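Labels run A, B and C following the written order; every chain starts at residue 1.
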Amino acid sequence: MAGRSRVGAWLARSTVIIGLAVFTFLAVVPLLWMLLSSFMQQQALTATPPDFAPASFTLDNYVQVFSSAAALGRGFLNSFIVALFTTAVALAIGAPAAYALARLSVPGANPILMMILATQMFPGIVIVIPLFIVMSRLDLIDTQLVLIIVYLSFNLPIVIWILRGFFLAIPPGLERAAAVDGATVAQVFRLIVLPISVAPLFATAVFAFIESWNEFFFALILTRQSAQTAPLVISQFAGQYQTVFGQMMAAATLAIAPVVLLAVIFRNRIMQGFADGMVKG
Amino acid sequence: MQRPVREAGPSGPAGEVSALGTLEQRRRRIGLAALAPTLLVLLLILAYPIVDSMLLSLASVNVAGTGFARHFIGIDNYLALAGDRVFRQALWSSVYFTLLEVVLVIVLALLVALLLVHPFGRAGFFRIVLIVPWAIAPVANAVLWKWILHANYGILNSVLLQLGIIERNIVWLGTGSRALHVLLLVDVWKSVPFIAILFLAGLSKIPTILYRAARLDGANAWQQFWHVTLPSLRPTIAVAVILQTLWALRIFDLIYVLTKGGPAGGTVLLNYLAYRTTFNDLDLGYGAAIANVIFAMSFALALAYVWLLKPGLQQARA
Amino acid sequence: MADVELQAVAKTFGKVAVCKGVDLRVEDGEFVTLLGPSGCGKTTTLNLIAGLEDATEGDIRIGGQRVNHLTPFERDVAMVFQNYALYPHMTVAENIGFTLRLRRMGRTEIARRVSAVAESLELGPVLERLPAQLSGGQQQRVALGRAIVREPRVFLFDEPFSNLDAGLRLKMRAEVKELHQRLRVTSIFVTHDQEEALSLSDRIAVMRDGRIEQYGTPADIYTRPVSRYVARFIGSPPLDFLPGKIATEEQRTVFRMGALAVPIDVRTVGELGNSPLELGVRPEHVILGAEGAPVTVRLVQPVGPATFVTVAWEGGSVVARVPGMASLVPGARLHVSVDPRHVMLFDAASGRRLSI
């Protein structure tokens, strides 16, 4: 009996190790390849098999990407400004709303919440046409502003949903004590609730920032040249007929670097936010 | 400490009188005020376009100069959809794609999550590995795989050639059917991490006591999984199914970068079809009709999602 | 003047009526406890007095002034909460001084008052610490300090000691009692612990199902409970109720419960009617010895200063309190009798105690 269970245990352990190895391999290798090939010369990459000699490696791709019509630089700037401002607005409007929905006994809170949740669920194509028409009339096409506004359509619900989950967990006694102490509702929010919510606020901001940075569809439809975001620039790199693959990868690497960095730094908070917001506990 | 003398009167301790109401009344009022900007924004950016999109779908729209001229035609667009072979093909492809993707993603994500709760998988390293694919822009992902899958120079073909698994370069995106399945695998690769994170959260909420009780009752690892893990995870799996289905319906970046719907329309899914009809064919009314079909499907799923989460929607009683 | 008066106060949440008509009057400087099990409405009543919730019906007056429409701050009340509710991101000094800061008091004045209160509660050394760095007892004292510094008309306590362990509870109880003797501020205290209520209060309001069942001094409640509910709630271990019949034996009127009989004075018993009766007697008035009904010892539970002995006869059993650590064993045969001066008769159907 003991012998069988020992073999069984060994089998189980090896399966896990193999599984973890396969998982890591499949998850990491494509990204490693992206990084690697971004440092390789075109002829090294187009050789069969690819030439991994030290001479094949270069920084040239990055140099080219940076200098090519400053498109990537502008794309970065646009992505940054749009993501920053839409996140800021989403927080400024969404945090009080989340608090109201969580704590302030708003009549009809549940239907409102359900509607907000439901808005997360459909693709941008459903709203982009009328938005395009309106924004054209307002002469806002190809501006950072139009993206900042339109991105609120998904940022605001995200902010509300995650923060509401957190605000629900704050002990009601704290707000009562503050009320008895003489704080107005606004003061309770500003002096008590917000200071203890710094971590989730930050995590939510990071989450919204990442989603805004990565957004492609609205950017494709609503911008032309001057307000292009980073994802758009990358797609153009890939759409060229004569593709310098290393540059394509360099552009992609640069475009995802800030966001990946943020995600890795805040991974625990982000994963916690998913859990609280989306999983029934 | 001396007891201060207090006069009876309608003033608070600091002497101010306020007629703004009781605490409950003020909280409710301010709650509405705090909610108002959000509702306004969502009304303008979401509600109005959704309604207008439905109106558009009931019209034939011409792009005239710098404006748009609409002619009301009732449900003609939808009737046309029913008989449109391209639409039906896209619908079928989308359903097929979605079904397959959901099954693959759920199963793989569950495996990954189980691996990561095992003592060996607890290391933070694995969680970093998990979050990176989620964080990269779908466009970047598409571009990366465009490179990996490149027929002549892509690393996939090189490796397979070197290993002797294939004799000639495979044009991965060469035929409609193959391209569809390749897109499927690429999107599965991108989607598994997030769902795995969801499952990790769900798994962490299962009380370990249940496992201990099961072990005491003599259950082995498989039985524990079947009788403790899976049932406890059922709500999370349900949520994951709905979320993944919704995301499958929204696939765009991959198609746009990798195949543009080809070859031979084999990778035209509903969302992309709506885009192409609207912005390439400039048939706004028809495109809106397709978009509304997607909306209807998504909304039904969203309702299911909300219904599943309902107990969490009750506010905590103060 | 800070008397508190509730008239026909009711509170309904949706379809559930939690308070169904509460009438209460607390005199200025009195310490009154709202006592009852969970769900009886005592916390809701307190919240209504505080203004944290709005009454559906009825009037609430503080100092003669109707306060239904005022916020808690405007009512000039202070509250000590069950889970302390200390602001986790503020130091002890900031916690205590928060209310003064909201009143825009000058910084030096705030500091003066805060340190005065802190000194009186022995919190001087921890003024700059965060709540998480304090012990349970210290946290509760900070909560007290926050209420004291307000110099309010009324103190409200919402089961403040439920989360403390036994020793700390007793200590805090003593501090609150001492505080009340010192400050003489009208205080309303909510608890489900009858011992706490007895030791702290000038008067106790025993609540049941959204209404006040009895309102009186601890002595009143203990010796003259108005119903079985009240009698059973007060006193530990709880009162025993023995069903039985009135009978005349040897020219005396007795209440017979199987083998046990207690002589009763008919004059102290009111209208009997035909309904079944029960006798209630506290363990300290049950006498074990050589006289009375023959019984067998069933259970022996020593608690230190006394031992609670359960004795049984055919058709009944009762708990007796024996001083000291009694050396009785289950199965032993004794006799039991009851001090007739301290028995209570209850109508079994309505639960009311019978008396003039």
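Observations on the structure shown:
Operating definition for what follows: a contact is a pair of C-beta atoms (placed from the backbone, for glycine too) under 8 Å apart; a residue touches a chain by one contact, two chains touch by 3 or more.
Here the structure is a predicted model, which is why all the values come from computation and not from measurement.
Ranked by how far their CA centres sit from the centre of chain B, the chains are topped by C. Ranked by number of C-beta pairs in contact, the top chain pair is A-B. Mean C-alpha position of chain A lies 55 Å from that of chain C.
Rounded to whole angstrom units, the spacing between the C-alpha centres of chain A and chain B is 13. Within chain A, the positions touching two or more other chains are listed as 176, 179, 182. Each of the following residues of chain C touches two or more other chains: 52, 71-73, 103, 150. Counting partners per residue, chain B has 13, 23-24, 26, 318 as the residues that reach two or more other chains.
Interface residues of chain B, counted against chain A in their complex, comprise 13, 23-24, 26-28, 30-32, 34-35, 37-39, 41-42, 45-46, 48-50, 52-53, 56, 66, 68, 111-112, 115, 118, 120-121, 126-140, 142-148, 150, 152-153, 155, 158, 161-162, 189, 193-194, 197-198, 200-202, 204-205, 221, 235-236, 239, 243, 246, 249-250, 252-253, 256-257, 271, 274-275, 278-279, 284, 287-288, 291-292, 294-295, 298-299, 301-303, 305-306, 308-309, 311-316, 318.
Of all residues in chain A, only 171, 173-174, 176-183, 187, 192, 195-196 touch chain C in the complex they form. Listing the residues of chain B that touch chain C in their complex gives 1, 3-4, 6, 8-14, 18, 21-26, 318.
If you check the complex, the residues on chain C that touch chain B are 1-2, 51-54, 63-65, 68-76, 103, 116, 120, 150-153, 182-185. The residues of chain A lying in touch with chain B in their complex are 12-13, 16-17, 19-20, 23-24, 26-28, 30-31, 33-34, 37, 45-46, 48-50, 93-94, 96-97, 99-107, 109-110, 112-114, 116-131, 133-134, 136, 149-150, 152-153, 156-157, 160, 168, 172, 176, 179, 182, 184-186, 210, 213-214, 216-217, 220-221, 230-232, 234-235, 237-239, 245, 248-249, 251-252, 255-256, 259-260, 262-264, 267-268, 270-271, 274-275, 278-281.
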